[in-house]
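For reference, chains read A, B, C and D in written order, and residue numbers begin at 1 within each chain.
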Amino acid sequence: MTTDLTAFAHSVFEAQPFSRFLAAELTDVGPDSAEIRVRNRPELQQQHGFLHGGVISYLADNALTFAGGLALGGDALTAEYKINYSRPAIGETAVARAFALTTTRRQAVCQCTVHMLGDGEERLVAVAQGTIVVAAKD
Amino acid sequence: MTTDLTAFAHSVFEAQPFSRFLAAELTDVGPDSAEIRVRNRPELQQQHGFLHGGVISYLADNALTFAGGLALGGDALTAEYKINYSRPAIGETAVARAFALTTTRRQAVCQCTVHMLGDGEERLVAVAQGTIVVAAKD
Amino acid sequence: MTTDLTAFAHSVFEAQPFSRFLAAELTDVGPDSAEIRVRNRPELQQQHGFLHGGVISYLADNALTFAGGLALGGDALTAEYKINYSRPAIGETAVARAFALTTTRRQAVCQCTVHMLGDGEERLVAVAQGTIVVAAKD
Amino acid sequence: MTTDLTAFAHSVFEAQPFSRFLAAELTDVGPDSAEIRVRNRPELQQQHGFLHGGVISYLADNALTFAGGLALGGDALTAEYKINYSRPAIGETAVARAFALTTTRRQAVCQCTVHMLGDGEERLVAVAQGTIVVAAKD
(Lines give C-alpha, C1' and ligand atoms only; values in the text may rest on other atoms or scores of the structure.)
Protein backbone atom coordinates (compact mmCIF):
# COMPACT_ATOMS: atom_id res chain seq x y z
CA MET A 1 0.00 0.00 0.00
CA THR A 2 1.28 3.41 -0.88
CA THR A 3 1.88 6.04 1.76
CA ASP A 4 -0.57 8.13 -0.22
CA LEU A 5 -3.39 5.67 0.37
CA THR A 6 -2.68 5.54 4.11
CA ALA A 7 -2.66 9.32 4.24
CA PHE A 8 -5.86 9.47 2.18
CA ALA A 9 -7.63 7.08 4.59
CA HIS A 10 -6.62 9.15 7.61
CA SER A 11 -7.61 12.41 5.93
CA VAL A 12 -11.06 11.02 5.09
CA PHE A 13 -11.51 9.77 8.64
CA GLU A 14 -10.46 13.11 10.12
CA ALA A 15 -12.96 14.82 7.81
CA GLN A 16 -15.89 12.88 9.38
CA PRO A 17 -17.53 15.09 11.99
CA PHE A 18 -19.50 12.12 13.37
CA SER A 19 -16.33 10.13 14.01
CA ARG A 20 -14.91 13.10 15.95
CA PHE A 21 -18.23 13.51 17.82
CA LEU A 22 -17.88 9.91 19.03
CA ALA A 23 -14.13 10.41 19.63
CA ALA A 24 -13.42 7.40 17.43
CA GLU A 25 -9.92 6.74 16.12
CA LEU A 26 -8.68 5.07 12.96
CA THR A 27 -5.98 3.02 14.69
CA ASP A 28 -4.70 0.87 11.85
CA VAL A 29 -4.95 0.58 8.08
CA GLY A 30 -3.56 -2.00 5.68
CA PRO A 31 -3.86 -2.69 1.94
CA ASP A 32 -7.34 -4.13 2.48
CA SER A 33 -8.03 -3.72 6.18
CA ALA A 34 -8.88 -1.10 8.77
CA GLU A 35 -9.24 -0.88 12.54
CA ILE A 36 -11.33 1.72 14.35
CA ARG A 37 -11.61 2.18 18.13
CA VAL A 38 -13.81 4.12 20.45
CA ARG A 39 -13.56 4.42 24.22
CA ASN A 40 -16.68 3.43 26.11
CA ARG A 41 -18.15 6.34 28.03
CA PRO A 42 -21.59 7.06 29.51
CA GLU A 43 -23.03 9.05 26.61
CA LEU A 44 -22.42 6.17 24.18
CA GLN A 45 -24.44 3.67 26.20
CA GLN A 46 -27.96 2.28 26.19
CA GLN A 47 -30.37 1.82 29.09
CA HIS A 48 -28.48 -1.09 30.72
CA GLY A 49 -25.06 0.57 30.67
CA PHE A 50 -23.76 -1.39 27.67
CA LEU A 51 -22.27 0.37 24.66
CA HIS A 52 -25.27 1.17 22.44
CA GLY A 53 -25.83 -1.02 19.38
CA GLY A 54 -25.80 2.14 17.31
CA VAL A 55 -22.16 2.73 18.30
CA ILE A 56 -21.27 -0.87 17.49
CA SER A 57 -23.01 -0.45 14.14
CA TYR A 58 -21.16 2.80 13.45
CA LEU A 59 -17.85 1.04 14.14
CA ALA A 60 -18.66 -1.93 11.93
CA ASP A 61 -20.07 0.19 9.11
CA ASN A 62 -17.15 2.59 9.10
CA ALA A 63 -14.46 -0.10 9.44
CA LEU A 64 -16.08 -1.98 6.53
CA THR A 65 -16.06 1.21 4.44
CA PHE A 66 -12.39 1.92 5.10
CA ALA A 67 -11.27 -1.69 4.54
CA GLY A 68 -13.21 -1.78 1.27
CA GLY A 69 -12.03 1.66 0.20
CA LEU A 70 -8.42 0.70 0.80
CA ALA A 71 -8.88 -2.52 -1.18
CA LEU A 72 -10.56 -0.61 -3.99
CA GLY A 73 -7.93 2.12 -3.94
CA GLY A 74 -9.97 5.22 -3.26
CA ASP A 75 -13.22 6.88 -2.29
CA ALA A 76 -15.84 4.28 -1.40
CA LEU A 77 -19.05 3.82 0.53
CA THR A 78 -20.97 1.05 2.23
CA ALA A 79 -23.82 -0.11 0.00
CA GLU A 80 -25.18 -2.57 2.58
CA TYR A 81 -24.14 -4.71 5.51
CA LYS A 82 -25.53 -7.04 8.12
CA ILE A 83 -24.47 -7.33 11.71
CA ASN A 84 -24.99 -9.98 14.37
CA TYR A 85 -24.64 -8.90 17.99
CA SER A 86 -23.30 -11.82 19.97
CA ARG A 87 -22.91 -10.47 23.51
CA PRO A 88 -23.59 -7.29 25.58
CA ALA A 89 -20.88 -4.70 24.90
CA ILE A 90 -19.16 -4.28 28.27
CA GLY A 91 -15.58 -3.07 28.59
CA GLU A 92 -13.30 -0.07 28.28
CA THR A 93 -12.81 0.18 24.55
CA ALA A 94 -14.53 -1.16 21.45
CA VAL A 95 -12.39 -2.14 18.49
CA ALA A 96 -13.70 -2.98 15.02
CA ARG A 97 -11.40 -4.80 12.60
CA ALA A 98 -12.49 -5.19 9.01
CA PHE A 99 -10.89 -6.68 5.93
CA ALA A 100 -11.82 -7.22 2.29
CA LEU A 101 -12.47 -10.85 1.45
CA THR A 102 -12.85 -10.45 -2.27
CA THR A 103 -12.55 -7.45 -4.54
CA THR A 104 -13.63 -6.70 -8.09
CA ARG A 105 -13.17 -3.47 -10.03
CA ARG A 106 -16.28 -1.89 -8.56
CA GLN A 107 -16.90 -3.51 -5.20
CA ALA A 108 -15.41 -5.35 -2.24
CA VAL A 109 -17.10 -7.86 0.02
CA CYS A 110 -15.80 -7.25 3.53
CA GLN A 111 -16.14 -8.78 6.98
CA CYS A 112 -15.67 -7.19 10.38
CA THR A 113 -15.47 -8.23 14.01
CA VAL A 114 -16.12 -5.95 16.95
CA HIS A 115 -14.47 -6.75 20.28
CA MET A 116 -14.67 -5.09 23.67
CA LEU A 117 -11.32 -4.72 25.43
CA GLY A 118 -10.95 -4.65 29.20
CA ASP A 119 -9.29 -6.47 32.06
CA GLY A 120 -6.64 -7.70 29.65
CA GLU A 121 -9.19 -9.55 27.54
CA GLU A 122 -10.93 -9.19 24.21
CA ARG A 123 -14.54 -10.30 23.97
CA LEU A 124 -16.27 -10.66 20.59
CA VAL A 125 -19.50 -8.65 20.67
CA ALA A 126 -20.49 -8.41 17.02
CA VAL A 127 -19.74 -9.75 13.53
CA ALA A 128 -20.60 -7.97 10.30
CA GLN A 129 -20.44 -8.56 6.55
CA GLY A 130 -21.14 -6.09 3.77
CA THR A 131 -20.59 -4.66 0.33
CA ILE A 132 -18.40 -1.62 -0.26
CA VAL A 133 -18.67 0.10 -3.63
CA VAL A 134 -16.56 2.66 -5.43
CA ALA A 135 -18.14 6.08 -4.91
CA ALA A 136 -20.00 7.02 -8.09
CA LYS A 137 -18.65 10.04 -9.92
CA ASP A 138 -22.03 10.71 -11.51
CA MET B 1 -51.74 -1.49 23.14
CA THR B 2 -51.88 -0.60 26.78
CA THR B 3 -50.90 2.82 28.03
CA ASP B 4 -48.38 0.97 30.16
CA LEU B 5 -46.53 -0.37 27.15
CA THR B 6 -46.39 3.08 25.52
CA ALA B 7 -45.05 4.54 28.74
CA PHE B 8 -42.57 1.69 29.06
CA ALA B 9 -41.24 2.32 25.55
CA HIS B 10 -40.76 6.02 26.24
CA SER B 11 -39.10 5.37 29.59
CA VAL B 12 -36.64 2.94 27.97
CA PHE B 13 -35.86 5.43 25.21
CA GLU B 14 -35.32 8.27 27.70
CA ALA B 15 -32.97 5.99 29.63
CA GLN B 16 -30.64 5.65 26.61
CA PRO B 17 -27.78 8.11 26.99
CA PHE B 18 -26.72 7.57 23.37
CA SER B 19 -30.16 8.54 22.07
CA ARG B 20 -29.97 11.77 24.09
CA PHE B 21 -26.40 12.36 22.87
CA LEU B 22 -27.71 12.27 19.29
CA ALA B 23 -30.80 14.28 20.30
CA ALA B 24 -32.99 11.55 18.83
CA GLU B 25 -36.70 11.40 19.63
CA LEU B 26 -39.14 8.51 19.86
CA THR B 27 -41.91 10.23 17.93
CA ASP B 28 -44.47 7.45 17.61
CA VAL B 29 -45.18 3.99 18.98
CA GLY B 30 -47.88 1.48 18.10
CA PRO B 31 -48.69 -2.11 19.09
CA ASP B 32 -45.90 -3.36 16.83
CA SER B 33 -44.31 -0.25 15.39
CA ALA B 34 -42.04 2.63 16.32
CA GLU B 35 -40.80 5.85 14.76
CA ILE B 36 -37.58 7.60 15.74
CA ARG B 37 -36.31 10.94 14.40
CA VAL B 38 -33.11 12.88 14.56
CA ARG B 39 -32.37 16.34 13.19
CA ASN B 40 -29.48 16.53 10.80
CA ARG B 41 -26.69 18.71 12.13
CA PRO B 42 -22.96 19.05 11.32
CA GLU B 43 -21.61 16.73 14.04
CA LEU B 44 -23.73 13.83 12.74
CA GLN B 45 -22.29 14.00 9.23
CA GLN B 46 -19.58 12.25 7.24
CA GLN B 47 -16.91 13.76 5.01
CA HIS B 48 -19.27 14.81 2.19
CA GLY B 49 -21.82 16.55 4.42
CA PHE B 50 -24.36 13.70 4.34
CA LEU B 51 -25.78 12.25 7.54
CA HIS B 52 -23.26 9.56 8.54
CA GLY B 53 -24.22 5.93 7.88
CA GLY B 54 -23.61 5.26 11.55
CA VAL B 55 -26.48 7.60 12.44
CA ILE B 56 -28.74 5.95 9.87
CA SER B 57 -27.76 2.57 11.33
CA TYR B 58 -28.46 3.78 14.87
CA LEU B 59 -31.93 4.91 13.78
CA ALA B 60 -32.73 1.66 12.00
CA ASP B 61 -31.34 -0.53 14.77
CA ASN B 62 -33.15 1.33 17.51
CA ALA B 63 -36.47 1.61 15.64
CA LEU B 64 -36.31 -2.13 14.94
CA THR B 65 -35.67 -2.82 18.63
CA PHE B 66 -38.61 -0.71 19.77
CA ALA B 67 -41.02 -2.09 17.15
CA GLY B 68 -40.03 -5.63 18.09
CA GLY B 69 -40.12 -4.94 21.81
CA LEU B 70 -43.62 -3.49 21.53
CA ALA B 71 -44.76 -6.50 19.50
CA LEU B 72 -43.20 -8.86 22.02
CA GLY B 73 -44.62 -6.92 24.97
CA GLY B 74 -41.53 -5.93 26.88
CA ASP B 75 -37.77 -5.67 27.16
CA ALA B 76 -36.11 -6.73 23.92
CA LEU B 77 -32.93 -6.35 21.95
CA THR B 78 -31.76 -6.51 18.36
CA ALA B 79 -30.07 -9.85 17.69
CA GLU B 80 -29.12 -8.95 14.13
CA TYR B 81 -30.16 -6.81 11.21
CA LYS B 82 -29.12 -5.85 7.70
CA ILE B 83 -29.38 -2.48 6.10
CA ASN B 84 -29.23 -1.27 2.50
CA TYR B 85 -28.36 2.37 1.92
CA SER B 86 -30.17 3.53 -1.20
CA ARG B 87 -29.25 7.20 -1.49
CA PRO B 88 -27.06 9.87 0.18
CA ALA B 89 -28.75 11.14 3.34
CA ILE B 90 -29.42 14.81 2.60
CA GLY B 91 -32.18 16.78 4.32
CA GLU B 92 -33.28 18.37 7.56
CA THR B 93 -34.48 15.39 9.55
CA ALA B 94 -34.07 11.63 9.37
CA VAL B 95 -37.03 9.47 10.31
CA ALA B 96 -36.92 5.70 10.83
CA ARG B 97 -40.19 3.77 10.84
CA ALA B 98 -40.14 0.13 11.86
CA PHE B 99 -42.81 -2.52 12.29
CA ALA B 100 -42.96 -6.18 13.22
CA LEU B 101 -43.82 -8.41 10.29
CA THR B 102 -44.17 -11.63 12.21
CA THR B 103 -43.91 -12.44 15.89
CA THR B 104 -43.46 -15.63 17.87
CA ARG B 105 -43.17 -16.03 21.63
CA ARG B 106 -39.45 -15.29 21.65
CA GLN B 107 -38.72 -13.15 18.62
CA ALA B 108 -40.06 -10.72 16.05
CA VAL B 109 -38.88 -10.22 12.48
CA CYS B 110 -39.08 -6.50 11.75
CA GLN B 111 -38.53 -4.17 8.83
CA CYS B 112 -37.64 -0.50 8.79
CA THR B 113 -37.37 2.35 6.32
CA VAL B 114 -35.32 5.49 6.86
CA HIS B 115 -36.35 8.67 5.05
CA MET B 116 -34.83 12.13 4.94
CA LEU B 117 -37.34 14.95 5.23
CA GLY B 118 -36.79 18.37 3.70
CA ASP B 119 -38.32 20.80 1.20
CA GLY B 120 -41.71 19.19 1.81
CA GLU B 121 -40.49 15.82 0.58
CA GLU B 122 -39.54 12.44 1.99
CA ARG B 123 -36.70 10.58 0.32
CA LEU B 124 -36.01 6.93 1.12
CA VAL B 125 -32.35 6.58 2.10
CA ALA B 126 -32.20 3.14 3.72
CA VAL B 127 -34.12 -0.09 4.27
CA ALA B 128 -33.44 -2.56 7.06
CA GLN B 129 -34.62 -5.97 8.24
CA GLY B 130 -33.75 -7.75 11.45
CA THR B 131 -34.53 -10.04 14.34
CA ILE B 132 -35.60 -8.71 17.73
CA VAL B 133 -35.50 -11.13 20.65
CA VAL B 134 -36.93 -11.06 24.15
CA ALA B 135 -34.17 -9.93 26.52
CA ALA B 136 -32.86 -13.02 28.31
CA LYS B 137 -33.45 -13.07 32.05
CA ASP B 138 -30.50 -15.37 32.58
CA MET C 1 -44.11 -2.46 -18.80
CA THR C 2 -43.53 -3.47 -22.36
CA THR C 3 -44.66 -6.82 -23.65
CA ASP C 4 -41.04 -7.32 -24.59
CA LEU C 5 -39.89 -7.11 -21.01
CA THR C 6 -42.54 -9.61 -19.86
CA ALA C 7 -41.51 -11.97 -22.63
CA PHE C 8 -37.84 -11.47 -21.76
CA ALA C 9 -38.48 -12.36 -18.11
CA HIS C 10 -40.33 -15.54 -19.07
CA SER C 11 -37.67 -16.54 -21.58
CA VAL C 12 -34.93 -16.10 -18.98
CA PHE C 13 -36.90 -18.13 -16.45
CA GLU C 14 -37.54 -20.93 -18.95
CA ALA C 15 -33.82 -20.97 -19.72
CA GLN C 16 -32.95 -21.83 -16.09
CA PRO C 17 -32.46 -25.58 -15.83
CA PHE C 18 -32.53 -25.42 -12.03
CA SER C 19 -35.97 -23.76 -12.04
CA ARG C 20 -37.26 -26.57 -14.26
CA PHE C 21 -35.57 -29.18 -12.05
CA LEU C 22 -37.57 -27.82 -9.09
CA ALA C 23 -40.70 -27.46 -11.29
CA ALA C 24 -40.92 -23.80 -10.28
CA GLU C 25 -43.12 -21.40 -12.21
CA LEU C 26 -42.86 -17.68 -12.86
CA THR C 27 -46.53 -16.94 -12.16
CA ASP C 28 -46.60 -13.17 -12.34
CA VAL C 29 -44.42 -10.28 -13.43
CA GLY C 30 -44.95 -6.51 -13.17
CA PRO C 31 -42.89 -3.40 -13.92
CA ASP C 32 -40.88 -3.97 -10.73
CA SER C 33 -42.25 -7.17 -9.26
CA ALA C 34 -42.23 -10.93 -9.75
CA GLU C 35 -43.95 -13.96 -8.28
CA ILE C 36 -42.54 -17.49 -8.37
CA ARG C 37 -44.26 -20.66 -7.13
CA VAL C 38 -43.24 -24.19 -6.48
CA ARG C 39 -45.40 -27.11 -5.39
CA ASN C 40 -44.29 -28.84 -2.23
CA ARG C 41 -43.33 -32.44 -2.84
CA PRO C 42 -41.25 -35.00 -0.93
CA GLU C 43 -37.94 -34.45 -2.74
CA LEU C 44 -37.95 -30.76 -1.86
CA GLN C 45 -38.20 -31.36 1.89
CA GLN C 46 -35.85 -31.54 4.83
CA GLN C 47 -35.69 -34.13 7.62
CA HIS C 48 -38.92 -33.05 9.37
CA GLY C 49 -41.07 -33.00 6.25
CA PHE C 50 -41.02 -29.21 5.84
CA LEU C 51 -40.03 -27.61 2.56
CA HIS C 52 -36.22 -27.30 2.76
CA GLY C 53 -34.77 -23.88 3.52
CA GLY C 54 -32.72 -24.22 0.35
CA VAL C 55 -35.93 -24.25 -1.69
CA ILE C 56 -37.26 -21.22 0.19
CA SER C 57 -33.93 -19.50 -0.45
CA TYR C 58 -34.04 -20.38 -4.15
CA LEU C 59 -37.53 -18.87 -4.39
CA ALA C 60 -36.56 -15.68 -2.57
CA ASP C 61 -33.29 -15.28 -4.46
CA ASN C 62 -34.86 -15.84 -7.85
CA ALA C 63 -37.94 -13.68 -7.19
CA LEU C 64 -35.64 -10.88 -6.02
CA THR C 65 -33.57 -11.21 -9.19
CA PHE C 66 -36.59 -11.05 -11.47
CA ALA C 67 -38.22 -8.14 -9.63
CA GLY C 68 -34.94 -6.23 -9.74
CA GLY C 69 -34.25 -7.15 -13.35
CA LEU C 70 -37.70 -5.95 -14.40
CA ALA C 71 -37.20 -2.69 -12.49
CA LEU C 72 -33.78 -2.23 -14.08
CA GLY C 73 -35.06 -3.14 -17.52
CA GLY C 74 -32.93 -6.11 -18.44
CA ASP C 75 -30.42 -8.75 -17.54
CA ALA C 76 -29.63 -8.64 -13.83
CA LEU C 77 -28.31 -10.75 -10.99
CA THR C 78 -28.55 -10.93 -7.23
CA ALA C 79 -25.44 -9.42 -5.65
CA GLU C 80 -26.51 -10.26 -2.11
CA TYR C 81 -29.57 -10.85 0.04
CA LYS C 82 -30.58 -11.80 3.54
CA ILE C 83 -33.49 -14.00 4.55
CA ASN C 84 -35.31 -14.54 7.82
CA TYR C 85 -37.25 -17.77 8.20
CA SER C 86 -40.25 -17.08 10.40
CA ARG C 87 -42.10 -20.42 10.53
CA PRO C 88 -41.76 -24.05 9.34
CA ALA C 89 -42.72 -24.31 5.66
CA ILE C 90 -45.80 -26.55 5.69
CA GLY C 91 -48.41 -26.48 2.94
CA GLU C 92 -49.16 -27.36 -0.66
CA THR C 93 -47.42 -24.59 -2.53
CA ALA C 94 -44.78 -22.00 -1.77
CA VAL C 95 -45.11 -18.57 -3.34
CA ALA C 96 -42.44 -15.88 -3.33
CA ARG C 97 -43.45 -12.31 -4.16
CA ALA C 98 -40.73 -9.73 -4.65
CA PHE C 99 -40.75 -6.06 -5.57
CA ALA C 100 -38.18 -3.32 -6.07
CA LEU C 101 -38.30 -0.70 -3.32
CA THR C 102 -35.83 1.70 -4.84
CA THR C 103 -33.93 1.70 -8.12
CA THR C 104 -30.93 3.56 -9.42
CA ARG C 105 -29.23 3.22 -12.80
CA ARG C 106 -27.15 0.25 -11.71
CA GLN C 107 -29.02 -1.46 -8.90
CA ALA C 108 -32.34 -2.13 -7.22
CA VAL C 109 -32.99 -2.82 -3.55
CA CYS C 110 -35.76 -5.40 -3.39
CA GLN C 111 -37.84 -7.15 -0.75
CA CYS C 112 -39.59 -10.49 -0.88
CA THR C 113 -42.05 -12.49 1.16
CA VAL C 114 -42.48 -16.25 0.94
CA HIS C 115 -45.84 -17.74 1.91
CA MET C 116 -47.04 -21.33 2.08
CA LEU C 117 -50.51 -21.87 0.63
CA GLY C 118 -52.83 -24.62 1.84
CA ASP C 119 -56.26 -25.14 3.36
CA GLY C 120 -57.36 -21.82 1.90
CA GLU C 121 -54.75 -19.92 3.85
CA GLU C 122 -51.47 -18.17 3.27
CA ARG C 123 -48.83 -18.38 5.99
CA LEU C 124 -45.74 -16.17 5.92
CA VAL C 125 -42.68 -18.39 6.21
CA ALA C 126 -39.83 -16.11 5.18
CA VAL C 127 -38.89 -12.50 4.44
CA ALA C 128 -35.92 -11.43 2.34
CA GLN C 129 -34.17 -8.23 1.28
CA GLY C 130 -31.38 -7.85 -1.23
CA THR C 131 -29.50 -5.99 -3.91
CA ILE C 132 -30.00 -6.73 -7.60
CA VAL C 133 -27.43 -5.33 -10.02
CA VAL C 134 -27.33 -4.89 -13.76
CA ALA C 135 -25.37 -7.80 -15.23
CA ALA C 136 -21.91 -6.55 -16.11
CA LYS C 137 -21.00 -6.61 -19.77
CA ASP C 138 -17.28 -6.77 -18.99
CA MET D 1 -16.67 -34.06 19.46
CA THR D 2 -18.30 -37.32 20.28
CA THR D 3 -18.75 -40.02 17.69
CA ASP D 4 -22.44 -39.76 18.50
CA LEU D 5 -22.63 -36.17 17.33
CA THR D 6 -20.84 -37.00 14.07
CA ALA D 7 -23.22 -39.88 13.48
CA PHE D 8 -26.19 -37.66 14.37
CA ALA D 9 -25.10 -35.04 11.82
CA HIS D 10 -24.76 -37.63 9.08
CA SER D 11 -28.09 -39.22 9.93
CA VAL D 12 -29.85 -35.85 9.77
CA PHE D 13 -28.21 -35.07 6.44
CA GLU D 14 -29.16 -38.45 4.99
CA ALA D 15 -32.75 -37.82 6.11
CA GLN D 16 -33.01 -34.67 3.95
CA PRO D 17 -34.71 -35.61 0.69
CA PHE D 18 -33.72 -32.27 -0.88
CA SER D 19 -30.03 -32.90 -0.20
CA ARG D 20 -30.34 -36.29 -1.93
CA PHE D 21 -32.30 -34.68 -4.80
CA LEU D 22 -29.34 -32.35 -5.39
CA ALA D 23 -26.86 -35.21 -4.82
CA ALA D 24 -25.16 -33.14 -2.13
CA GLU D 25 -22.73 -34.74 0.31
CA LEU D 26 -21.82 -33.89 3.88
CA THR D 27 -18.08 -34.32 3.39
CA ASP D 28 -16.72 -33.16 6.73
CA VAL D 29 -17.92 -32.32 10.21
CA GLY D 30 -16.07 -30.96 13.25
CA PRO D 31 -17.03 -29.78 16.73
CA ASP D 32 -18.33 -26.52 15.28
CA SER D 33 -17.87 -26.84 11.54
CA ALA D 34 -19.31 -28.59 8.51
CA GLU D 35 -18.49 -28.98 4.84
CA ILE D 36 -21.02 -29.83 2.13
CA ARG D 37 -20.30 -30.47 -1.55
CA VAL D 38 -22.33 -30.80 -4.69
CA ARG D 39 -21.13 -31.64 -8.18
CA ASN D 40 -22.03 -29.12 -10.84
CA ARG D 41 -24.31 -30.58 -13.48
CA PRO D 42 -26.68 -29.08 -16.07
CA GLU D 43 -29.90 -29.31 -14.05
CA LEU D 44 -28.39 -27.23 -11.23
CA GLN D 45 -27.52 -24.29 -13.48
CA GLN D 46 -29.07 -20.96 -14.42
CA GLN D 47 -29.50 -19.39 -17.86
CA HIS D 48 -25.80 -18.65 -18.43
CA GLY D 49 -24.51 -22.10 -17.49
CA PHE D 50 -23.33 -21.09 -14.00
CA LEU D 51 -24.39 -23.01 -10.92
CA HIS D 52 -27.71 -21.40 -9.90
CA GLY D 53 -27.66 -19.02 -6.94
CA GLY D 54 -30.35 -21.16 -5.37
CA VAL D 55 -27.91 -24.08 -5.21
CA ILE D 56 -25.21 -21.84 -3.72
CA SER D 57 -27.78 -20.63 -1.19
CA TYR D 58 -28.81 -24.18 -0.34
CA LEU D 59 -25.17 -25.08 0.30
CA ALA D 60 -24.53 -22.04 2.48
CA ASP D 61 -27.78 -22.38 4.40
CA ASN D 62 -27.32 -26.07 5.06
CA ALA D 63 -23.61 -25.83 5.95
CA LEU D 64 -24.45 -23.01 8.37
CA THR D 65 -27.17 -25.16 9.95
CA PHE D 66 -24.88 -28.14 10.43
CA ALA D 67 -21.97 -26.08 11.78
CA GLY D 68 -24.29 -24.36 14.22
CA GLY D 69 -26.06 -27.57 15.19
CA LEU D 70 -22.74 -29.26 15.91
CA ALA D 71 -21.62 -26.28 18.00
CA LEU D 72 -24.93 -26.29 19.87
CA GLY D 73 -24.85 -30.05 20.33
CA GLY D 74 -28.03 -31.16 18.62
CA ASP D 75 -31.05 -30.42 16.49
CA ALA D 76 -30.90 -26.89 15.12
CA LEU D 77 -32.21 -24.71 12.35
CA THR D 78 -31.19 -21.59 10.46
CA ALA D 79 -33.13 -18.59 11.77
CA GLU D 80 -31.64 -16.19 9.23
CA TYR D 81 -28.60 -15.61 7.08
CA LYS D 82 -27.21 -13.27 4.46
CA ILE D 83 -25.13 -14.19 1.48
CA ASN D 84 -22.92 -12.19 -0.88
CA TYR D 85 -22.20 -13.68 -4.28
CA SER D 86 -18.75 -12.60 -5.35
CA ARG D 87 -18.20 -14.31 -8.70
CA PRO D 88 -20.06 -16.50 -11.26
CA ALA D 89 -20.09 -20.13 -10.07
CA ILE D 90 -18.08 -21.97 -12.71
CA GLY D 91 -16.30 -25.24 -12.01
CA GLU D 92 -16.72 -28.94 -11.35
CA THR D 93 -17.77 -28.97 -7.72
CA ALA D 94 -19.09 -26.47 -5.22
CA VAL D 95 -17.94 -26.75 -1.63
CA ALA D 96 -19.42 -24.85 1.31
CA ARG D 97 -17.44 -24.66 4.54
CA ALA D 98 -19.10 -23.22 7.62
CA PHE D 99 -18.02 -22.73 11.21
CA ALA D 100 -19.50 -21.29 14.37
CA LEU D 101 -17.86 -18.01 15.40
CA THR D 102 -19.60 -17.61 18.72
CA THR D 103 -22.06 -19.78 20.58
CA THR D 104 -24.44 -19.21 23.47
CA ARG D 105 -26.85 -21.68 25.05
CA ARG D 106 -29.55 -21.06 22.46
CA GLN D 107 -27.82 -19.86 19.30
CA ALA D 108 -24.65 -19.81 17.24
CA VAL D 109 -23.47 -17.10 14.87
CA CYS D 110 -21.83 -18.84 11.93
CA GLN D 111 -19.96 -17.90 8.78
CA CYS D 112 -19.56 -19.82 5.54
CA THR D 113 -17.57 -19.61 2.34
CA VAL D 114 -18.55 -21.28 -0.91
CA HIS D 115 -15.81 -22.14 -3.40
CA MET D 116 -15.92 -23.70 -6.86
CA LEU D 117 -13.29 -26.35 -7.47
CA GLY D 118 -11.87 -27.10 -10.90
CA ASP D 119 -8.59 -27.17 -12.80
CA GLY D 120 -6.76 -27.66 -9.53
CA GLU D 121 -8.02 -24.35 -8.16
CA GLU D 122 -10.54 -23.09 -5.65
CA ARG D 123 -12.39 -19.87 -6.44
CA LEU D 124 -14.44 -18.08 -3.80
CA VAL D 125 -17.94 -17.53 -5.17
CA ALA D 126 -19.97 -16.63 -2.08
CA VAL D 127 -19.71 -15.66 1.59
CA ALA D 128 -22.50 -16.05 4.12
CA GLN D 129 -23.22 -15.22 7.76
CA GLY D 130 -26.19 -16.30 9.83
CA THR D 131 -27.86 -17.30 13.07
CA ILE D 132 -28.48 -20.94 13.95
CA VAL D 133 -30.88 -21.64 16.81
CA VAL D 134 -31.66 -24.70 18.88
CA ALA D 135 -34.78 -26.34 17.44
CA ALA D 136 -37.71 -25.43 19.70
CA LYS D 137 -39.34 -28.33 21.45
CA ASP D 138 -42.61 -26.42 21.78
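Here is the rule we go by: a contact is a pair of C-beta atoms (placed from the backbone, for glycine too) under 8 Å apart; a residue touches a chain by one contact, two chains touch by 3 or more.
Here the structure is a predicted model, which means the values were calculated and not measured.
Chemist: Touching both chain C and chain D: give me those chains, sorted by label.
Modeler: Touches both chain C and chain D: A, B.
Chemist: What is the distance, in whole Å, between the centres of chain B and chain C, each centre taken as the mean of its C-alpha atoms?
Modeler: Each chain's C-alpha centroid was found; their separation is 28 Å.
Chemist: Provide the C-alpha centroid distance between chain A and chain C, rounded to the nearest whole angstrom.
Modeler: The computed centroid separation for chain A versus chain C comes out at 33 Å.
Chemist: Based only on mean CA positions, could you tell me how far chain A sits from chain B in angstrom?
Modeler: 21
Chemist: At which residue positions does chain B touch at least two other chains?
Modeler: Counting only residues that touch two or more other chains, chain B contributes 79-80, 82, 84, 109, 131.
Chemist: Between the chains shown, work out who touches whom and classify the graph as line, ring, star, complete or other.
Modeler: If you draw each chain as a dot and join those that touch, every dot ends up joined to every other.
Chemist: Enumerate the contact residues on chain B facing chain C in the complex.
Modeler: Residue positions touching the partner: 82, 84, 86-87, 101-102, 104, 109, 111, 124, 127, 129-131.
Chemist: Which bits of chain C are touching chain A when the two form their complex?
Modeler: 79-80, 82, 107, 109, 131, 138
Chemist: Which of the residues in chain C end up touching chain D in this complex?
Modeler: Against chain D, chain C makes touches at 12, 15-22, 42-47, 52-55, 57-59, 61-62, 65, 77-85.
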